[in-house]
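First subunit A sits with subunit B, and in the next complex the same chain sits with subunit C.
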Partner chain A sequence: MAKEFKVEPLKVWNDFKKYREQYYRDYLEAKDNGAVRWAGSAWAFDAVPAGLGEDVYPLTGEPYGATVAFFKDFSRRALEKAERAGVPRDLCGYLRNYWGSIMMDKYVLTDGTEVEPFPKPDFNYTIHICCTHAKWYHRAGELEGDVPTYAVDISVGPGYLLDDRKINYVVRQLEDSIKWMEQITGREYDDELLIKAVLAEADSMSTWAKICKLNQNIPAPLEEKSMFTLYALLVLHRADPRVAELYNKLYEETQDRVKRGIGAINNEQFRFLTDNPPPWAFLNVYRYLEKEYGAVSLGSVYTFGLEGAWLGMDEKGETWRWEPAPTPEEAGVEISNREDALRWTAEFNLRYRPGWQHPYSHKIRKIETLQMIKDWKADAMIMHLNRGCELWAMSELEVRDYLVKHNIPVATYEGNMADPREFDEARTWNVIDSFMESLGIKKLSKQ
Partner chain B sequence: MGKKAEELPQYKQFAEWIENRHDYAKKWQQNNGGKVVGYLCTYVPEEILYAGGVLPVRILGSHEPESITRPYLHDMYCPFCHDCLAQGLEGRFDYLDGIMLAQSCLHLRQVFFTWEERVPVDWSYYMHFPHGVNNNHAAEYLKGELEKFKVAVEEWTGTTITNKELDDAIEVYNKNRQLMKQVYEFRKLENPPITGLHAMEMVISSQMVDKKEHNEVLESLLEDLKDAEVDRDTGTRLMIIGSEDDDREFFKMVEYEQNYSATFVFEEHCTGARYFWDEVRPEEDRLMAIAKRYVNRVPCPAKDWPTYGFYGRRRFNWIEKWVKEFNVDGAIIMQQKFCDPHELDIPSLRELLDNLNIPHLFLEFDITVPVGQFRTRVEAFLESIGEDDLFF
Partner chain C sequence: MITAGIDVGSKYTKAVVLKNGAEIVGYANIRTGMDHEKSAREALEEALKAAGINRDQVDKIIATGFGKTSVPFADDEISQVVAAGKGGYFARPSTRTVIEVGAEESRGIKLAEDGKIRDFALADKCAAGAGSFTDAMARYLEVPLEEFGQLSLRSKGAAAMNAQCVIFAESEVVSLVHQNVPKEEISRAIHDAIADRVASIVRRVGIEDDVLVVGGLANDPGFIDSLKRELNTEVYLPEIIAPEYIPALGAALMEE
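Here is the complex of A and B:
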């Protein structure tokens, strides 16, 4: 029989939901008040546009694409609109939802409300690490009527191989981008706002890592489906001090849950990890595993590593450290001017974001994943072979092979994070049932 | 009158080099006692390898169905990367002393790492080549990467690469580029003495053999081309635009085996003009000169996007120029299935061609090309281009 744990709802849950809801509305309504709005990747250097003023509102494309995917009908219309315009359906799922929205001239809010027209940004601002990001916003800009677009090239390699020359390459681009933003918006850049944003960014990202680490406890105080909602603020606007504050509240509450033995689910008997963005329209995969098997998803290199700041690979490139990276305060670094701030944000992101490390070699991702399995005391890996993102799909099968060789049970199911048409629900349940049966895990109802 | 264009011996030599690429490399190793490095993308700064006494050869696929890459690569990764990796896993490149990649697309990146791990090789090198080649700091950054690369090559080969060796390598490579551009000049003629098939074989073979040797053949080809007799109908002047493409069967079909006359007068891909169009402009700092060449070359779409002071795609400026200079009647957009960088440009590319009044046909190809299906589509396309002649 599965052991019973106490469960209780998260007190901060509604704060996170409200922030997200308001975020999309703020972007939509920004122009009513003469504010600035920019669009770009969730991996963009979020802190940099903050120097344009207190009234600067971003729209990050990947979470928007995921939100669209959640509303299956809207998503289908957006995807088909894009396809009719000649957009190949094997491109990034988020991108196709985003371009499709622009082409339909419809914007969807978190409650599913559809608004016209699609709100046009003053500029697009992104990074480029996979084959898609810069080109995504370039084309979006063309579709919207030559919206100025700037992409920061961050292709300098993994954090443990960083040197000053590589950091300088990124910093110089960030400096240029500030001049560019000033020209476009006609605003004078405020370095104090930049510094404040850079500090908030580091706080948000490191605090999220601390929260994820608490899931090493048994019972796990959080489960991944809820963490998708919780981590979302990092991909929306992590450099917003209000976001940092929310993560600090969540950290306190999660610590308290651990202290009191509060679990994410009341019958945790099986702990597993995942490793890719989920099929957003089918998050019931997670609930199925919880309800049927008492299986808790602890997290993933995706959920922890997309926006969390971790020490990562050691200098020799041999050992992965799932330890939260230090904030400027914890590192004893004072940030007092633009150069300091840009250098900090460049180095912090390049060095400590797992999502910016493992695309440079599957050796990194193998070591990183195996270490996660050990540290979080996971019994298995359930992989989403995600056709919607080529970056996250990279090395995935190599990791699978590596884990199997290390006697870690691995199940795989196919899908697409952002194209609901590419998911076979019944088949996925079959994969899960067969996998659990092979491991001798009985359904709770059969115990 | 000179020789018949179709029978020029240099064309046979190019084709033979391609057919026997592995034998060539092995013989080169024996005869020169040097090392051979296989590279996966044309952003590799070959000059530095060559200066170190190394023969760089491009790893290309075989266009044969394979089933050994699926445990490692996602199905949705491009057929070209699957095909390349299959060659490695099957041991067809077992003579390579090393492999390398200058960072380009994700698909080739994973091929590199899987090859490095699963196919025994003495040396491997992954260069963090900048993606943002249009930004103002890319050349300076790349120069630093080239410095590290030069040291790595020196340590591996036990040589010291001096300015003299770099100058010699640059000269050989620049000469190769100049000669191929001169050959391309003949393609501007009303009846070009070189078809797309032969031009493609010229460029692909240049990626597989010692450039010095290739230069000798190019020089003799240029002599013969001056008075070569063209005994085929040029027909519709086509440009091919797109991803990596070394599929000669398609070229044969379009130019020699279907019902309408057509000739490719330009290939805008990395087994065509994108590979050789730009030269290294010598300067005192040799590595900076090389860095500028690779940053400023006709970009792969994987690296082409707006930046500070520039909005657009540099590649498109080149396409527009070539369409005009080579008097192109129609374009075939040849898309390697699942090649994201190209796919991302295609909607805008179609708009560009529409604005230039250039009819275009989009074809998506796989490891093997469905020549029969493509024949029907190409013929329909050519017929539609010819409708003006029919009615006016």
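Here is the complex of A and C:
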């Protein structure tokens, strides 16, 4: 029989939901008040445009693409619109939803409300690491009607091989991008706002890592499906001090849950990890596993590593450390001018984001994943073979084989994070049932 | 103790009746109709009749196969992977790799020495590595299914076939027919293509001897010949019962 744990709803839950709802509305309504709107990757240097003023509102493309995916009907229309315009189906799923939304000239809010026209940004600002990022916003700018785009190239290699030359390469681009933003918006850049944003960014990312680490406890205080909602603010606007504040509240509450033995689910009998963006339109995979098997998803290199700041690989490139990276305060670093701020944000992101490390090598992805399984005391891995993202899908099968060789059970199912047409529910349940039965895990209803 | 396993497959429904978890006393195989419950009931009745056992003497019924949830009179259900693994190990305890090829799916299952499942891989969304592929191709070549495999064995060479998909394979077969390539060679090319597809699935879990092939397509000697060449190892068929009954047997064994 599965052990019973106490469960409680999260007190901060509604604050996170409200922030997300307001975020999309703020972007939509920004022009009513003469504010600045920018769009770009969730991996863009979010703190940098903050120096343009306190009324600067971003729209990050990947979470918007995921929001579109959640509304299956809207997503189908967006995808078909993009495909009819010649966009191939094997391109990034988020990108296709995003372009399709612009092409339909419709914008969807978090409650499913469709708004016309698509709110176009003053500029697009992104980074470039995967084959898609720069082109995504370059083309979006064309579709929106000559919206200028700036892409910062961050492809300087993994964090543990970072040196001053590589950091400088990124810092120089950030400096240049500030001048570019000033020209585009006609605004004078405020370094104090930049510093404030850089500090908030580090606080948000490092605090998220601390929260994720608490899921090493049994019972896990959080489960991944809820963490998808909780981590979303990092991909929306992590450099917003209000976001940092919310993560600190969540950290405090999660610590309290651990202290009092509050679980994410009341019958945790099986702990697993995942490794990719989920099929957003089919998050019932997670609820099925919870309800039928008492299986809790603890997290993933994606949920923890997309925007969490971790020490990562050691200097020798041999051991992965799932330990939260230090904030400027914890590192004893004082940031007092633009150069300091840009250098900090460049180095912090390049060195401590797992999502910017493993695209360079299967080896990194294998070592970090195995270490995660050990540290979070996971029984198995359930892997979404994600056709929607070339970057995150890279290395998946190499990781699978590596884990199996280390006697970690792995199940795989195929799908697409952003294209609901590429997910087969019946086959996925079949994989899950087969996997759990093969491990001798009985359905709760049969115990 | 009498147990029965029912495997509701997409093409055939199979039932196996087992005595004391050791002795196969009856089995039956009927075409799966639109009404899965009816098919399951009929298969069970026929298997019981063959065993000379009444329905009320059966202690437990376990369903498997794609239609396993449509058998309301079953006491329990198990996945095809577990059923095929369990049945394969029972049929040949030295088995470490089970390859199951049914009408619509193929799967590779890796077993531990004690018969427990160590790993598995499923063919997903593709019929090119499944029995329905041979059905379609035999129909196109106007060769009875039971002769299709023998035809392949008589081939003196193999025509090249690149398609990984039933739909595209058919157009390749059309081309080969128009080029007057002998049917034997076309049959061999088709079997090689299926074996290649199945092997690629099974290689995901690693191939370890003994390799046991189960499921309906294991009855096709052309496929078995191609698979042996593709895997470059000996493959075995169950000796205690025909290969298509193995998952139903595994289901009947679940009570043990």
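Operating definition for what follows: the second predicted complex is superposed on the first by the 447 of 447 C-alpha atoms of A that agree within 3 Å, B and C clash if a C-alpha of one lies under 4 Å from a C-alpha of the other, contacts with A are read in each partner's own complex, and residues count from 1 in each chain.
Please note the rule applied: contacts are C-beta pairs under 8 Å (C-beta built on N, C-alpha and C of every residue); 3 or more make two chains touch, one makes a residue touch a chain.
Keep in mind it's a predicted model, so treat the numbers as computed, not measured.
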Requested in this report: Pick one for A:433: touches subunit B only (first), subunit C only (second), both, or neither.
Outcome: second
Requested in this report: Pick one for A:387: touches subunit B only (first), subunit C only (second), both, or neither.
Outcome: first
Requested in this report: Return first, second, both or neither, reflecting whether A:317 touches subunit B, subunit C, both chains, or no partner chain.
Outcome: neither
Report task. Examine A:150 and indicate which partner it touches, taking first as subunit B and second as subunit C; both and neither are also allowed. Result -> first
Requested in this report: Using the touch definition from the top, say if A:53 reaches subunit B (first), subunit C (second), both or neither.
Outcome: neither
Query raised in the report: Given the touch rule stated above, what does A:91 touch, subunit B (first), subunit C (second), both, or neither?
Result: first
Requested in this report: With the two complexes superposed on chain A, say which partner A:172 touches: subunit B (first), subunit C (second), both, or neither.
Outcome: first
Requested in this report: With both structures superposed, pick whichever of subunit B and subunit C touches the larger number of subunit A residues.
Outcome: B
Query - Where subunit A meets both subunit C and subunit B, residue numbers - result: 397
Report summary line: The answer for subunit B against subunit A in the complex is residues 71-74, 76-77, 103, 105-107, 109-110, 113-114, 117, 126, 128-132, 135-138, 140-141, 144, 301-302, 305-308, 311, 313, 337-338, 340-341, 343-348, 350, 362
Query raised in the report: Taking the complex as given, what residues does subunit A use to touch subunit B?
Result: 85-88, 90-92, 128-132, 134-136, 138-139, 141-142, 146, 148-153, 155-157, 165-166, 169, 172-173, 176-177, 179-180, 359-363, 385, 387, 390-391, 393-398, 401
Report summary line: subunit A partner, complex, touching residues on subunit C are 66, 76, 78-82, 85, 116-117, 119-122, 124-125, 204-205
Report task. Quick one: which bits of subunit A touch subunit C in the complex? Just the residue numbers, please. Result -> 397, 404, 409-410, 412, 414, 424, 427, 430-431, 433-435, 437-438, 440, 446
